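When the chains are written out, they are named A, B, C and D in that same order, and each has its own residue count from 1.
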Amino acid sequence: MSNIHHLTPPPRTAYELELEVLSNEAVNGEYRLLVLNAPRGLLERCRAGQFFHLLCPQMGGQAPYLRRPMSIYGFYPEREELHFLYKVTGEGTRALAMLRRGHGLNVLGPLGKPFTIKPEWEQLVLAARGVGLATLAPLALEARRLGKELTAICSARSESVLMSVDLFRHMGANVITLVDEDGSSSVDNVEAVLNTLIDGPGIDAFYTCGSNRLLKLLQKVGTRHGIPGQIALEQQMACGLGMCHCCVRPFRKDGGIVNLRVCREGPVFDIQEAVAW
Amino acid sequence: MSNIHHLTPPPRTAYELELEVLSNEAVNGEYRLLVLNAPRGLLERCRAGQFFHLLCPQMGGQAPYLRRPMSIYGFYPEREELHFLYKVTGEGTRALAMLRRGHGLNVLGPLGKPFTIKPEWEQLVLAARGVGLATLAPLALEARRLGKELTAICSARSESVLMSVDLFRHMGANVITLVDEDGSSSVDNVEAVLNTLIDGPGIDAFYTCGSNRLLKLLQKVGTRHGIPGQIALEQQMACGLGMCHCCVRPFRKDGGIVNLRVCREGPVFDIQEAVAW
Amino acid sequence: MVRLDVDIGALRLKNPIMPASGTFSEDLADVFDLDLLGAHVTKTITRGFRDGNPTPRVCEVGGSMLNSIGIPSKGVGYFLENVVPFYQGYKTPLVVSISGNTADEFAQLCAEVSVPGVDAIEVNISCPNIEEDGKAFAIRPSSTFEVMTKLRRATSLPLWAKLTPNTGETSEVARAAEEAGADALVVANTILSMAIDIRTRKPKLGNLMGGLSGPSLKPIALRMAYQCARATKIPVIGCGGISTVEDAVEFLIAGASAVQVGTATFINPTAMVTMIDDLRHYLEAEGLSSVREIIGTVEDGEQREGIVFMEAAP
Amino acid sequence: MVRLDVDIGALRLKNPIMPASGTFSEDLADVFDLDLLGAHVTKTITRGFRDGNPTPRVCEVGGSMLNSIGIPSKGVGYFLENVVPFYQGYKTPLVVSISGNTADEFAQLCAEVSVPGVDAIEVNISCPNIEEDGKAFAIRPSSTFEVMTKLRRATSLPLWAKLTPNTGETSEVARAAEEAGADALVVANTILSMAIDIRTRKPKLGNLMGGLSGPSLKPIALRMAYQCARATKIPVIGCGGISTVEDAVEFLIAGASAVQVGTATFINPTAMVTMIDDLRHYLEAEGLSSVREIIGTVEDGEQREGIVFMEAAP
């Protein structure tokens, strides 16, 4: 048995907990908001961009097995509330949607690397589509806390699924909504919006997630104007902790391509290192 | 492809049906009565001694996989009711116990060979213990319908778990109750009761099920007095239809021991052919 | 109107759904018209009488089951006199499953069941045999080739070889069966397993060990069906954990030309009938006109060639 | 106070619960104190750098999972400089899992990881290797004996051989490993499986096939653990689908001296900690004073001798 103690074991940072459901309502046809009661200590450890790994219940004929990763949509230590905004897509999220007030839900987290906002960045811009907004929502909270200017470019299929707009407004963000219906969400139009911002107040950093189109656009605009940025990425996960290496994606690093774990090295990555897919 | 049609396929005799639960109440601490709403046509095919193969629900953390065999405890075509009396012992029956009025239950049946009552038999005696009484209950119904005299010797651990006594009385049976608590259920005492009956009205046939002690006693008494009898036996089942050969038990036949399927050649067998275990 | 018929070599089946050996018998006629099925496959018989294994012969394991029935058999005489005539009451092809303790006894039985009314012979080479240390013929390519060669000589009926998952050489065994003249491969039998009752510390099966069947077996059997379809040119009949039309379609896409349904029939005796209906609806919904259009359509891309030989999970 | 310690050859573990290779890493220290475990078992490493397989690398199959990670590895240098020192922060024995494409490369790595701080070497002989047509060493007794002989010569540390279920010769492979000098057997790795998305017709894993782990594997792994315990005299470490203390106890009764927990940790990261607590309570409730009292206590009666050699389900 090895008895040499020259390194100190790392501190605990993630918790497996059974939390109580406070509510779980449809926000609109596709999205639902899950509100859990969580201990203040847990919520105080949460950061924008991190996620929880949810053990979706086996109920109503649904038998999800692996956990499902979900970004933190909101964390409110004072109200002891942890929020997730999710889209019902398959077995796990269908099971999630069946949770009712008073049910328990086993969660693991907070996990992953959060977004960073450097002290010198003043003008922040986030751009996201659909459920991707869930991931960026707590960034607005953080921006307000730090007294940063935030512009949220929210794009969606139609006006009716534009979520989080109120939330972003409520956080004092400057909200620009773009929808497919009227063509305002086209890449060209987003680029035009960005250029207007760059020419106006300026942009110190971009934040985005999920969409390949937006990634490519922000990489291009970022390179052209020397604007740094971060992207939150998704990949199928098993452990969520960094142990199984199933959640890798390729990144540009040191002149080559390396595989990094979305759950551990991410889910937030440097926007220029991300490889479009 | 074989096109020779010299045999006619057999008629359908067993049905896979989703029935509605009417009630599912505890009869006492250990036993529960499950009442299902069933089509009259199905109930008219039922016979005393037959069983159904129940697809116990996957609920409340219970995940039974194979079906569970249950004797018909009562079948009432006029009321469209099918009754089962069961004891909660494991995963399947625990799941059964969770069924509530309005739930569905998938059943397969009626299955197996029923009891027979020969026209010349007038004095019938049934002897059983515990949940075994469930299997014999419909025999009392049948006996009454045929105008036979029936004596039911009901034995149990204690007075409080003596079930079916009212049912048997209600059917006009002559009921003798024996309990372990006061020692009245001892083999010697049962034998004394049987002898009294033989010396009195006489016994034309015995019916029993389940208990090894009773089997041996009735085989002995039957041999001594030339009284025929039948026994309903249990064995673990998969298909319940005769296909898988998992439910065999040994029987004395033609001077040797043969394996017979409890689900197909049984569950009712000649009492002298049964091998005590 | 979509077409459900498929060909297993020279034998045309009206649909690709049939029972798996040992999970079907005349008795199922109690529940539905057996002429709805694509084929009838009998329980494996041996030449002589066999009693089978001690009870308990089955047990549950986490949503699947183990069995160790031990192939009780009334012998070939009873079978020819009683079972074959029964199925002549139907228009559906009859497939007789046989096994033997030695290759010669096996071949003799194969000749004996090659009678009118029998449309194909499924040879259960997944059973322990005394010539190979109690191992199944289908564990090794060499013993597979030997026994299949003898069986091939014994009959002119279509010969289906039923393979075992208890091997590290599925592709090689499949090719050995093909080379020896098998007309089709049935993939697969159960995988050797065990369960212990921790309360009594007794094995849950009277025979200690038994075969795992049902949903847990599906990913293993699917992998084997895919390997066999890639490794040979003869039709593959998928078998293992199939309980819904989605499962059946998964095997067809992987390369199976038909499927056998076993344990699912114990859970829902009408499972096969439901599956035939659902298959029709599935094809209609996909806008296809024949089930043949989905067979072997898995998009395996570049991996296709390399992987067939790889037996170990990384 | 019940005793949970067990001996794996010369190595004493404070309890019989440890992680399975590839389902554990330094990262789990985020969730609980890793010194609670009986041993630390690292992810398999190779000598050189390996990228691993294309994504998706995992998928669900009916209450279990498939994986095809492909053993990404940063190579032995990184491992010795970073991983070994990390575990020196703990009092728990460190077991290093290694693999190689050829027996010689494998043996060389075995020598290289025989450093202070490493308490045992688990050799993952269940991986495809290029000398055997891409088959795992542990598929055949002969290749097992050969590679284990080389590995034995390469180190004086305790050597644990991790076996594969992708074989029809478990007992023979186990004996070959013992004869070549293995100190313990880890039973077992994942079984090769496949799943297809019927909507896209694509395999659900980027690598087409992968290994089945989780509850579905349990009855197969339990059978193998029993066979290995009967076929050899060296300790067996059970692995496969263990997620509750009941599962662990089932393996111990079957003859395992300790168990490894894999996929269950993905579902409940604290599963092993819960299992250790529950094991203590179980033993107390059974009135036992040491976990050793249940090891190998399966009541297998007469079947015991005959069955070890039987690989096929009847």
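Quick note on the criterion: a contact is a pair of C-beta atoms (placed from the backbone, for glycine too) under 8 Å apart; a residue touches a chain by one contact, two chains touch by 3 or more.
Which protein is which chain? UniProt says A, B = Dihydroorotate dehydrogenase B (NAD(+)), electron transfer subunit; C, D = Dihydroorotate dehydrogenase.
If you're wondering where the values come from, they're calculated on a predicted model, not measured in any experiment.
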Hop count on the shortest chain-contact route linking subunit B and subunit D comes to 2
Could you find the chain whose CA centre sits the greatest distance from that of subunit C? A
How many angstrom between the C-alpha centroids of subunit D and subunit A? 36
Could you state the distance in Å from the CA-based centre of subunit A to that of subunit C? 48
Cα-centroid distance, subunit A relative to subunit B, in whole angstrom: 61
For subunit D, give me the residues that contact two or more of the other chains. 62-64, 67, 69
Could you draw the chains as nodes, link the ones that touch, and say if you get a line, ring, star, complete or other? line
Every pair of chains that touch: which are they? A-D, B-C, C-D
What residues on subunit B touch subunit C, complex-wise? 1-10, 12-16, 55, 63-67, 91, 106, 108, 235-236, 238-249, 259, 264
Could you please specify the touching residues of subunit C with respect to subunit D in the complex? 53, 61-64, 66-71, 126-128, 133-136, 139-140, 164, 166-169, 189-196, 198, 200-203, 207-212, 215-220, 222-223, 226, 241, 246, 249-250, 253-254, 297-300, 303-304, 307, 309-314
For the complex, give me every residue of subunit D touching subunit A. 11-12, 22-35, 43, 51-52, 55-60, 62-65, 67, 69, 72, 85-94, 116-119, 214, 265-270
